[in-house]
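Shared between the two complexes below is chain A, which pairs with chain B and chain C, respectively.
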Partner chain A sequence: MERNNMKAWLYLLPAILFLGAFLVYPLIDVFIYSFEEGYNSASQTYHGVGLYNYSYVLHDPYFLQAVKNTFILVIFTVPISTGLALLISAGLNSIKKLKELFQTVFFLPYVTNTLAVGLVFMILFKKTPYSDGLMNLILGLFGMGPVDFIDGPYWAKMFVLCFYTVWVVMPFKILILTSALASVKQDYYNAAKIDGTSRLRTFTRITLPMISPSLFYLIITGFIGAFKAYSDAVALFGTNLNAAEMNTIVGYVYDMLYGNSGGYPSYASAAAIILFSIVLTITCINLLISRKHVHYS
Partner chain B sequence: MKITLQNVTKKFPSRNKKVREDVIAVNNFDFEIPDGKLIGLLGPSGCGKSTALNLLCGLLNPTEGRIFFGDDDVTNLPAENRGVGMVFQNYALYPHLTVKKNIMFPLENLKGAEKMTKEAMEAKALEAARLVQIDGLMERKPSELSGGQQQRVAIARALVKVPKVLLLDEPLSNLDARLRLQTREEIRRIQKETGVTTIFVTHDQEEAMSISDQIVVMEAGVIQQIGKPQDVYDDPKNLFVAKFLGTPPINVFNGRIEKDGLWIGQDKLFDIAAPDGIQIADQPVTIGIRPEGFILGEGDGGALTFSLTEVEVMGRDITVVSAHPDCQNVEIRSIISSENREEVEALMEKTGTASAVRFDVKPHKVHIFSTETGQRIYFTAK
Partner chain C sequence: MTRPTDFETIEKKARLRSRSIKTVTYALLAIWAIVVLFPFYWMLLTSVKSYSAYSSEYVPKFYTLAPTFQNYVDAFTTVPLADYFLNTVIFTVATTAMMLVVTVLAAFAFARLDFRGKDLAFTLFLALMMIPSELVIITNFVTITDLELRNTFMGLILPSVTSVFYIYLLRENFAQIPDELYYAAKVDGTSDLKYLTKVMIPICRPTIITITILKVIECWNSYVWPRLITDEEAYFLVSNGIQEIRENGFGRENIPAMMAAVVVISVPLIIIFLIFHKKIMEGVARGGTKG
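Right, the complex of A and B next:
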């Protein structure tokens, strides 16, 4: 027993060392930096300890804008992308012909480069002196005026960002959900059919609970992914996100470390810790809710 | 509810692209199931019995033919409107719902005038649970139940709406041997108590024989014989039915009819004639002798001589295991009464030394089949 224990630790050692050095240690370090005022990474000096970094970050309008943007992104994209993915997967699961073709088509965005897709979106939505862009062309058909989605009003930019995020995260969700749906045994559907269960009720009372573990996994990772969004915004609006009012929390952290206003690791650490606590809280709430609604077989 | 099948055929398109011919899972079923009876649909796996069940419950539509429940033509009626209850082979209990919710599920689907209050549904569910004796487990999840208990929940769920017809697909195959015996009695009891016309599918002839009012033996989509279990056993129409029913299985020999005599190798069993006294033509035949059809020869007597392999004493009766070059079975098993103890003890001393054992046969336990067609050749022993 004792011997086995030693052996087990030995096997775990590489992973523990690696995670310790590159995950746990940095996390603790960031936590410490966030309390050290005016830390300078070059000279490794600081001139005080306290909550000033948090106070600064929480009063920084750029940070507040980033928090607002991130929350809007989370609130809209997670439910919409998961819901749409569920609809599409349910559809895919009930067709026989061309199922594989559609599966491939829906999965393609996943293997495409984010920045390349961002460029395409920009071209679709951008209004230039020479062209209003495809999106505005369509809007024009319904008699709505041209809107500059990339450099225009806040709501338009936010719409593009949400649209883009949903589009990017959906393929993976569709992949997971189609396989989850396919794994529900036909017998359950047969039993429900013989008992005269309507299609809607079959879906809500049988299908949904059966795929709830996959669905829950997607919601949790969806929340975390959306909170950590950054590259999507860069792909659409360039690197100066603060100026575009389109920054996210991770973008803010990045800017504080390296950006134009760069060189403030303490503020960056404080912002990172705030993001960490937000994600942790939301995930805990998710887990609590899931206990009642997720059925593991 | 009486069920009538009229020339029901179900074909599936062939999966094999080179062979364009359809697979006929159910071939021209034409029979009637009387009201309130327990019917066993019996056959080896792949013979189309589950397809037949799915045709009855409406999960599949027949390619040809009509199905009637009572006087109503239900051929094109979807499953949900047929009023059948079905127990699936793996029970298909909803794993996320408690036993109570599982049983109530069919009731919650009722609409319009049939809609029930929650209290009424709970009362109904409890009633069904009592019938199958699981009323103490209502708050459990299916995963917390044993196989036998899950089976009962599935039956309760199928019965709660008071179906016109109850269908069971291999109801006992997922249970262990002891539970199987118990549960089949249980199914019989529940069927008698509710009086609902019940059809169950099985590949286990013992199961079907023991509880059915009537058995339908089928092979390769074709009905071989329908009748009361004992009648089918005593009077099989063909070699397949004779071989399929009975444990230990019937002993099958290559024999012949020669000059009014029935022969296996050099041994003549007895003289025979057709039932109307006419001579049966000389021909090679397949002879089936039930294990209980043998009588241990007294002294040196006995029409048949086999080489003795083993004697198994089981208390109530004795199985003599022997061999014969013309026997199609791996071994010949003859069951004789344990009253023959002295002779048997003498036999047991001889086992292992490759000695002979002699038997006479009971003519009514001997069936003759055409070697060519497998059809029964009827005869009277002289």
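Right, the complex of A and C next:
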């Protein structure tokens, strides 16, 4: 094949321009912003270089609240959604009738607008002067008092946020796990059956090791996704998340950039870099653990 | 004296056991299906309840005997829902079209052409996939603000165009086309561009369709970037529109009208999903993640 250097770069030019302007340059710039002290976005000047932005962010009570919320969200939603998805995928894989219908239905939340459906969840959980809302009605059947899940106590709000997050992330997990389970060779199961292996043992000794790469992929992406949670919270509690005590780290970044307390790209950058140091650390820990437990064939 | 093993009872027991496991499985799947579908049912139901009927129900009803379409009329007349809709269509079509051009050209260069630094360039491209959008959005916001592109379609579209993942996906597909076709076309004096449009794109149409649908979904649901870059209602997309409706539209209590707006916004994607669900699920399984 003849070399056509010029022509090839010409074909790549649009991609390089877009990626350079909106992905590479911003990545470098965000580090620079985070070290520029007292940056003024109107005059584009700053008066020093240092770690002040980081220290400001780390002492900001709103940021600490956001970190707390994000960690709670991650700790609850990642194990619950992964476990539930595993259970449902195993169920899906063991049936023949209606399998495709169930699969299609389960995938539906993936394509819907997070903001729009969040509004429905808000209505289901909200307690207003006119009505206690559907969820409270159900709680009432079990003899529990009405709770305002949207403007009420912290843990009630956190519960709705976790519930909605799980609802939103399930389709992707079910999809990946179902195809992983379907790709396990039937031979292994047949062999186990001949030996009279119990279901539980078959599951822990055959199924889990065979799907462990997909499972760990989901856990890692699940952690990353949950740390970046934001739109779900907005959908449920509105744009003023600080007032609702439901802000997330990403929400804090955006608020710093624009919004009620906005106009501070330096603080936003520092917060974003702190977030991604956390994500990177957790991902590395995950990878280290996975090395011990994941079987790549 | 032992009784001979009664195979029939054992078999019966086993059958009963497997049947009860099956029942539990179906029950579990049905429960999750209800959890998934119920919000959709509720939004449809609420959207056809009249405002007065809705507000008078202290205990919400699971059905309505007097459905009304007044809420849909309200959704289009009281708030500029049609404008939000149109903006989103323009944004989605323009972004997706530009993405396709950029992606096809880049994938072609990586799959078909030979040039110095190709391997290095491709590795660098792949490395870009790991950059989280939350990091780069800060500078992009400042860039677009400085270019005075806030509240313009340009400002909305430009940073949303490229997705490295799609370039990668299409390159893999392009690379599967046998070289012989290319040489045959060369012998016939076909130009590279013509070969790309007449041979490669038609062969790889399934992948291109998948990429297109995934991008359309992404655009239709995008919220964060439009929220940062637009504060004039004239440029709101549906996600921002719904947030605006929630905070300032209809009045906080007119939930049926709100739900009508939610239905209108959700329907296009649900239709696309019902038509293309196989392609969408396949595409997502090949490596798409949400957000």
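By our rule, the second predicted complex is superposed on the first by the 273 of 297 C-alpha atoms of A that agree within 3 Å, B and C clash if a C-alpha of one lies under 4 Å from a C-alpha of the other, contacts with A are read in each partner's own complex, and residues count from 1 in each chain.
Here is the rule we use: contacts are C-beta pairs under 8 Å (C-beta built on N, C-alpha and C of every residue); 3 or more make two chains touch, one makes a residue touch a chain.
What you are looking at is a predicted structure, and each value in this text was computed from that prediction instead of being measured.
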Overlay on chain A: chain C relative to chain B, clash or fit: fit
Partner chain(s) touched by A:L115 [first = chain B, second = chain C, both, neither]: second
First (chain B), second (chain C), both or neither touched by A:N5: second
Partner chain in contact with A:V234 - chain B first, chain C second, else both or neither: second
Touching partner for A:Y188 - first (chain B), second (chain C), both, neither: first
Which superposed partner A:L19 touches (first chain B, second chain C, both, neither): second
Touched partner set for A:I206, first chain B, second chain C, both or neither: first
Touched chain A residues, chain B compared with chain C: C
Vertex chain A, arms to chain B and chain C (CA centres, degrees, nearest 10): 80
Which of chain B and chain C A:L134 touches, first, second, both or neither: second
Shortest span in Å between Cα atoms of chain B and of chain C, once chain A is used as the common reference: 6
Footprint overlap on chain A, comparing chain B with chain C: none
Complex interface listing, chain A residues touching chain B: 185, 187-188, 190-198, 201, 205-206, 209-210, 212, 295, 297
Residues of chain A touching chain C in the complex: 1-5, 7-9, 11-12, 14-15, 18-19, 21-27, 29-30, 33, 41, 87-88, 91-92, 94-95, 98, 102-117, 119-121, 123-124, 128, 130-134, 137, 167-170, 172, 175-176, 179, 221, 224-225, 228, 230-231, 234, 238-239, 250, 253-254, 257-258, 265, 268-269, 272-273, 275-276, 279
Chain A-touching residues of chain B, taken from the complex the two chains share: 57-59, 78-82, 84-86, 88, 90, 92, 94-96, 105-106, 108-110, 143, 157, 161
Residues of chain C defined as touching chain A within the complex: 22, 25-26, 28-29, 32-33, 35-37, 39-40, 42-43, 46, 55, 57-60, 101-103, 105-106, 108-110, 113-116, 118, 121, 125, 128, 131-132, 134-143, 145, 158-159, 161-162, 164, 167, 192, 217, 220-221, 223-224, 227-228, 238-239, 242-243, 246-247, 253, 255, 258-259, 262, 265-266, 269-270, 272-273, 277, 280-281, 284-285, 289-291
